[in-house]
Amino acid sequence: MNKYITELIGTFFLVFTIGCTVVGGAGTTAPLAIGAALMVMVFAGGHISGAHYNPAVTLGIWMRGKIETKYVAGYVISQIVGAVLAALAVEYLKAGVQVVPMNLPVLPALLAEFLFTFALVFVVLNTATAKGTAGNSFYGLAIGFTVMAGAYAVGGISGGVFNPAVAVGISIMGLSAWSSIWIYLLANFAGGAVAAVAFKAVNPGDN
Amino acid sequence: MNKYITELIGTFFLVFTIGCTVVGGAGTTAPLAIGAALMVMVFAGGHISGAHYNPAVTLGIWMRGKIETKYVAGYVISQIVGAVLAALAVEYLKAGVQVVPMNLPVLPALLAEFLFTFALVFVVLNTATAKGTAGNSFYGLAIGFTVMAGAYAVGGISGGVFNPAVAVGISIMGLSAWSSIWIYLLANFAGGAVAAVAFKAVNPGDN
Amino acid sequence: MNKYITELIGTFFLVFTIGCTVVGGAGTTAPLAIGAALMVMVFAGGHISGAHYNPAVTLGIWMRGKIETKYVAGYVISQIVGAVLAALAVEYLKAGVQVVPMNLPVLPALLAEFLFTFALVFVVLNTATAKGTAGNSFYGLAIGFTVMAGAYAVGGISGGVFNPAVAVGISIMGLSAWSSIWIYLLANFAGGAVAAVAFKAVNPGDN
Amino acid sequence: MNKYITELIGTFFLVFTIGCTVVGGAGTTAPLAIGAALMVMVFAGGHISGAHYNPAVTLGIWMRGKIETKYVAGYVISQIVGAVLAALAVEYLKAGVQVVPMNLPVLPALLAEFLFTFALVFVVLNTATAKGTAGNSFYGLAIGFTVMAGAYAVGGISGGVFNPAVAVGISIMGLSAWSSIWIYLLANFAGGAVAAVAFKAVNPGDN
């Protein structure tokens, strides 16, 4: 249960920071704030739940064998509940702010989301679960700043989501249309799965 | 006594950086500077006083049992003295700069301050006092960048204070009205207290 | 083979982030995103391939004796393939965006590229291969943020490349003219070689 | 001799980054670039020379007893030579750019420079020489980002120098008038000396 609460808290603050910095117009510092929010929550919760805060990360870690199958559903539900609560909090704080959903170009958005979700889960697996980096103090920085780099790089193309729970949150907030959510679900889970395969390929002795 | 001096120095530079970057108009880099100032002072003073620099953090750490009751008053007084001195230094350096106090919306400001003070104290307890992260090199980065993320996220709603000593400092500088200070005191102490409860809930074997 | 795949992945995301943030006009946050992309890939791949992602770094590490000669060609080919794939991905995502190649002033560009490639390889050798810093958790931060500092400092003079594989990538994307690529090749390899000499001079007992 | 070369290289890149980002107009990212340049050079050279790159830091470390008296002159000369060479490189790269020296208000500039040089040397002594933080991986981040925070906070008042070698460099570049250099020398050495006294006061068992 403490793992689920941690996943809920971490995902809440990730989605809450996204909503507060993007609803009403994302400034140039929004990705820095968002990457930092993820970083600090990863550093705070890593020793408790592993600090996934992202169903695509949970998929990658499950494929890599570092989370038991019986916990997967609880993790994903906790992440989505955290995202929903964050979206409601943002809607309260930003009541009256006009929000126009992004108009996503399908193929470019799929590619952008796939590539950076791959990068994110590849970084998570290598910095937070690999034997070769055990005991390091940089995993949160690496994970949070992957999302920051990705949001700066492809935020203008796909929104820079890389996370199905975030996709739910921004759909509730109206930043993205519900009819587009399949783009995130497909690209993010595919990116996470391919990252797990790539991790195993490049870490042959680490299973 | 060396703990009190350290708390005074750290809180001084936090509030001094806030004042210098916000009086006369906060640019988009103010939260980065403020988060960095907190980070470096946490790294510098952590081994001496624990580097609270914030009465809400002291409350959370006291509830978690990592500061003796007899030191609490001295910590809080040192933090407030540091904040007052910083405010006076800012007033000297920015003499003649017109300052208009923020107009805080009560309920949104209470919620924003509560949530990010919770996040801050939750991060402090997990990265600087938990068994599961003992010996890490990231606690200052995590703590400082929580404030940075929060200032970017809710600075436009509540000022992004998360700290009763900072609330005193910005009230002296005229950035916030004295009649609003109860918002910070209530929300910040409540956030710190709830974070301590949450920390205990998710770290069951760590008391 | 796992080393080559890692070099390809890391260089891909470095060049992909460069292209996405610079094609169509580099904002003030482009160097932050680019430095972060390099940082996270260094943290993710360092334990596998050493995380060079740069033929000038490979040259410096080869001169310092930390990569066997038989692997050098494979590293450089993997880096260039990663850069080419990234350039193609950027061209797809940014189709229709007008790109004008930089007009490089020869001697200033040579000097700027030489100096910061020297800095980059000097930082790599000291933070990722020196006995005196063994086991640290900061090598990725140091390496990535050297490129960030260099891109802010001399990006307006030379483009802030510091990496022959990046030079290939930006030439494909049209950000730099093919007729200018010798500037990067000459200055970057010279910077890497001199950095290896300097490293040996200042680390006399570390061979 | 390897210590002196390292001090020269590190100070060169600090002053070179300052000149490149400030001559022709400092953008909002100049302090980030400057702090990063210092950070990476501290991480690269710390195990060789202690990575002072600043005569005020050398003074503080000498008072704290962590550098032998016979090396002090060589350190300071190396730092100044590095700063002079950097200023010449900037003058070559930025030839033709109009530079107007700052008009420093004497007392505010003295206070601002004193306070943040104190903060810088206090952070250096606590993160790079204290028993209580031995073996950490954050000293470069803490030191570099102190300068970043200070440059954002008081750059508009005093230029954000905190370093007599930097003062020489910016005087050569024309960013500051030679007639003002006593402000930096006085405030920076005083800040470093007081920081050493404060360090000893708050670390009683660490001599």
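By letter and in written order, the chains are A, B, C and D; residue numbering begins at 1 in each of them.
Everything that follows uses one rule, which is that a residue touches a chain if its C-beta (ideal position, glycine included) is under 8 Å from a C-beta of that chain, and two chains touch if they have at least 3 such contacts.
Please read all numbers here as calculations on a predicted model, not as lab measurements.
When you average the Cα atoms of each chain and compare centres, the chain farthest from chain A turns out to be D. Of all residue numbers used where chain A meets chain C, under half belong to both copies. The two sides are thus made of different residues.
Each chain gets one centre point, the mean of its Cα atoms, and the points for chain C and chain D are 27 Å apart. A separation of 39 Å divides the Cα centre of chain A from that of chain D. Looking at chain A, one finds that residues 28-29, 32, 137-138, 141 touch two or more other chains. Within the complex, the chain C residues that touch chain D are 28-29, 31-32, 35, 108, 111-112, 115, 119, 122-123, 126-127, 130, 132-133, 136-139, 141-143, 145-146, 148-149, 152-154, 157, 198, 201-204. Remark: chain A residues 2, 5-6, 9, 13, 16-17, 20-21, 27-30, 32-34, 36-37, 39-41, 43-48, 89, 92-93, 137-138, 140-141 touch chain B in the complex.
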